[in-house]
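Pasting in a structure now, in structure tokens, and then I'll have a few things to ask.
Order of writing sets the labels: A, B and C. Residues in every chain begin at 1.
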């Protein structure tokens, strides 16, 4: 579920075809809208137009050199591959206006609150299920629902401390949430390093444009983690980051974040359980650990509670956790909110728990388990993206507009056989953003992942990770398939 | 009935190990028909964690030894006052929703044989009450798997036990769980003790049975090994999705070595 | 500090030192191969070098005959050979990568750039690479990294563990080197004390960057006893066993100060230093040089293990 292939997202939305889509460019261009250059990008256009191409090449090389030096050579979203591979960096920033961002921010925070309320609820009385707003089996029979933590309330009732919400834009005011990443979303180091590199290479750009800073992210993250220390912790909490190890493709990010926060980067073997606490092995003897920011999945956390063959976790950790000796972020069991089928109910959660109207929309989803939806999907299958409910990584899905007739027919047969195993979504017209190409700039499709922090407060730094499909016409933003990254700006008000 | 329990588990290691960590589900909780008079868990040299109650209402405790050792002995001793509730679990404080016990684990995944068993057992029983159907399943499992120790082992799955055609209480329980799931009834694995000396049945004193959730009644125990519901001869320790999840002791040896396991359980009804 | 972090720092420098030693051995072998083929000839010399690395059998299994080009490849590039320059540098870089944040950017840069350069060397046509270029590059790289550590790392516990790694590994390497040379060059005890006119000894000293230093210290005459003294007991020579042992003691003492706690490791180091500081060459020859060196190698390994147990596993209380 964490891996998101573009196909899952980028469907071109024929269902809503009509008005704007009949224009020459069916995609919203974030720099050049239908009525010309958006003022937001005025200064960047000047910057680009005054840039000699030799200078550009030089800067591009400099950027690569900087990234290599910083050692940012990891694959994002657990795609694996060569650990020394650089993800292409595009120097043309992606820009949001302050008012655009305000709305996004409200929407993202709202979603983060709703998701946490949902998790607190389903591990407690399950009011939303009793009220008939979400089917019980969708939650309780979900593999990610952890029986072992039912009835346990983590400090401050927070399950999901870092929520990465994947967004796409289809028009000036249309944003859709593609996915809520409730486990341990990766990629935030790119947000920070992209900015760092841009500021180093083009300082004057930041003098001209009032770009809101993102560099306090690490401080906020540390504060968020410290704020959920267990009650038993009586002093300054000892926060650690638990990594699966240096072979993990996101190891660089783990080490980068631990360093920025000034906390230890530990592996399972560095920790042990004794009595009511979890300890880390240091050169001066055992030291108590209060908060664990883990970057490993539930199944591997504790071989005495979950997978007995896990060597990445800490045996006995869940005992300490459940008796209040240590906080685990995100909380074990939080993964259940990270599910494709649950996703469709997030707007419902917003209404149920917060009594508010959802600010951010979901991609419209047809649940083939429902007869009406199934009928629609079967009639329009060539225009839709159809996915397995529990599938991930782009397997077991059909991208209607990109498939031939035979493939569609085969898939339709599978769908008819077991409709409840499938959902369907329209293909969305992803916005584009100017991107450097061989001879100048050209529009390329982008998405966005901002990182919302939930502890005593809810925080969102103004920015995020913008991924860009570097190949012309491509909607694939995955780094393994020719995707790159961009610095993401939020322009403060004049 | 007053039941006295003495349960010793001893591990001997061929070469000393660096340490041990265990999660223990060895302390019974109070419920209707089960009053804990006195209870102790002792492990010499071990540092014990706080006893806490999980969402399923079981008492859980960590124990660890972080120094070289060549053996470890877990001694459980205590007294429980029991009465017969016809297998119905009441007065047990728990937070896990019954529907969470509808999922199969690798150990309770059904196969063709289990599907057939359910189909046969419930044929024409659509109008029968859920409780009655649970009894039918329990009886069917008991008939399908005659009790035979040694033919299956600690990691045998429900499907494998069905193929073997024989089993012990663990196999009966896991097959019954799979069967109940197929009949759309939540079911779970319960581990505990059985005072079996009275009627001379051969079953181990360290015992396991299934609980099936019956709408309107709640969780009800079914012991397929004895084709009955738990009564005052049973002490309930805790539950889980399968034998591993509900194991009274889950442990890990640091610096693993060959180990020899020796378990003795003595249950005695106190003379009144 | 996390025990594992300390272990990574300790092993990072051990691998760096080992990589340098292998490069120096390669240099020595290369110089000897330039000499007129007298006595045992170069075959004997190369096999001694492989023996000192405990790798003769491994080499023969993989390459067969002792051809110089193959030996160069084996000692420098072969990743299957755990003590090749490339394998050690890769291991050092991997240890460094794991504890990136415990290193200054200069140190990481020095190690990482070296590794990138190594990869560039690996890509080059082998026939365009002469041994002097490879060994010069190795020694320059080693000095660069060591310099970056010395000039930029905070003098905290991590710094002490890095230096302990260097010193423990260096003591081991010097002892092995000397042991092998003695075995090959002095097959008979009768040679001990007699004057030596042997190019190969010169090559050894050169490989240790100690040729001129030796001349200054001992007046230029090569004698087995003096060379042994130089490499074992001379506190001025940075690769002597005594120097290494002094280093180990100094850094362990620093650790005891930083942590405000002494451990059996300090005790063990002091004991070894006590013996080396009092040793005289006569006693060493009485014991038998080979026997003495074997014992030193094992005691040094024991000290390394003690450091491991006390600081690097996190099991000590």
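Just so we're on the same page, contacts are C-beta pairs under 8 Å (C-beta built on N, C-alpha and C of every residue); 3 or more make two chains touch, one makes a residue touch a chain.
Source: prediction; values computed, not measured.
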Message: Per the definition of touch at the top, where is the C-beta contact count highest among chain pairs?
response: A-B
Task: Pick the chain whose C-alpha centre of mass, unweighted, sits closest to the average of all protein C-alpha coordinates shown.
output: A
- prompt: So which chain is the furthest away from subunit B, centre to centre on CA atoms?
  reply: C
Task: Could you tell me the distance, in whole angstrom, between the mean C-alpha positions of subunit A and subunit C?
output: 48
Message: Nearest whole angstrom, what separates the Cα centre of subunit B from the Cα centre of subunit C?
response: 60
Query: Where the centres are mean C-alpha positions, what is the separation of subunit A from subunit B, in Å?
result: 41
- line: For subunit B, residue numbers touching 2 or more other chains are 66
Statement: Where subunit C touches two or more other chains simultaneously, the residues are 315
- prompt: For subunit A, which residues are shared contacts with two or more other chains?
  reply: none
Message: Help me check something: in the complex, which residues belonging to subunit A touch subunit B?
response: 123-124, 126, 129, 136-137, 140-141, 143, 145, 147-152, 272-276, 303-305, 308, 315-316, 318-320, 322-323, 325
Message: So in the complex, the part of subunit A that touches subunit C is made up of which residues?
response: 69, 71, 246, 255, 258-259, 264-267, 269-270, 280-286
Message: Per the contact definition, I'd like the list of subunit B residues that touch subunit A in the complex.
response: 21-23, 47-50, 52, 54-56, 60-62, 64, 66, 94-97, 99-103, 240-241, 244, 250-252
Field: Parts of subunit C lying in touch with subunit A, wherever the complex brings them together
entry: 1-6, 94, 97-98, 100-101, 108-109, 112, 157, 161, 255, 259, 261, 311-317
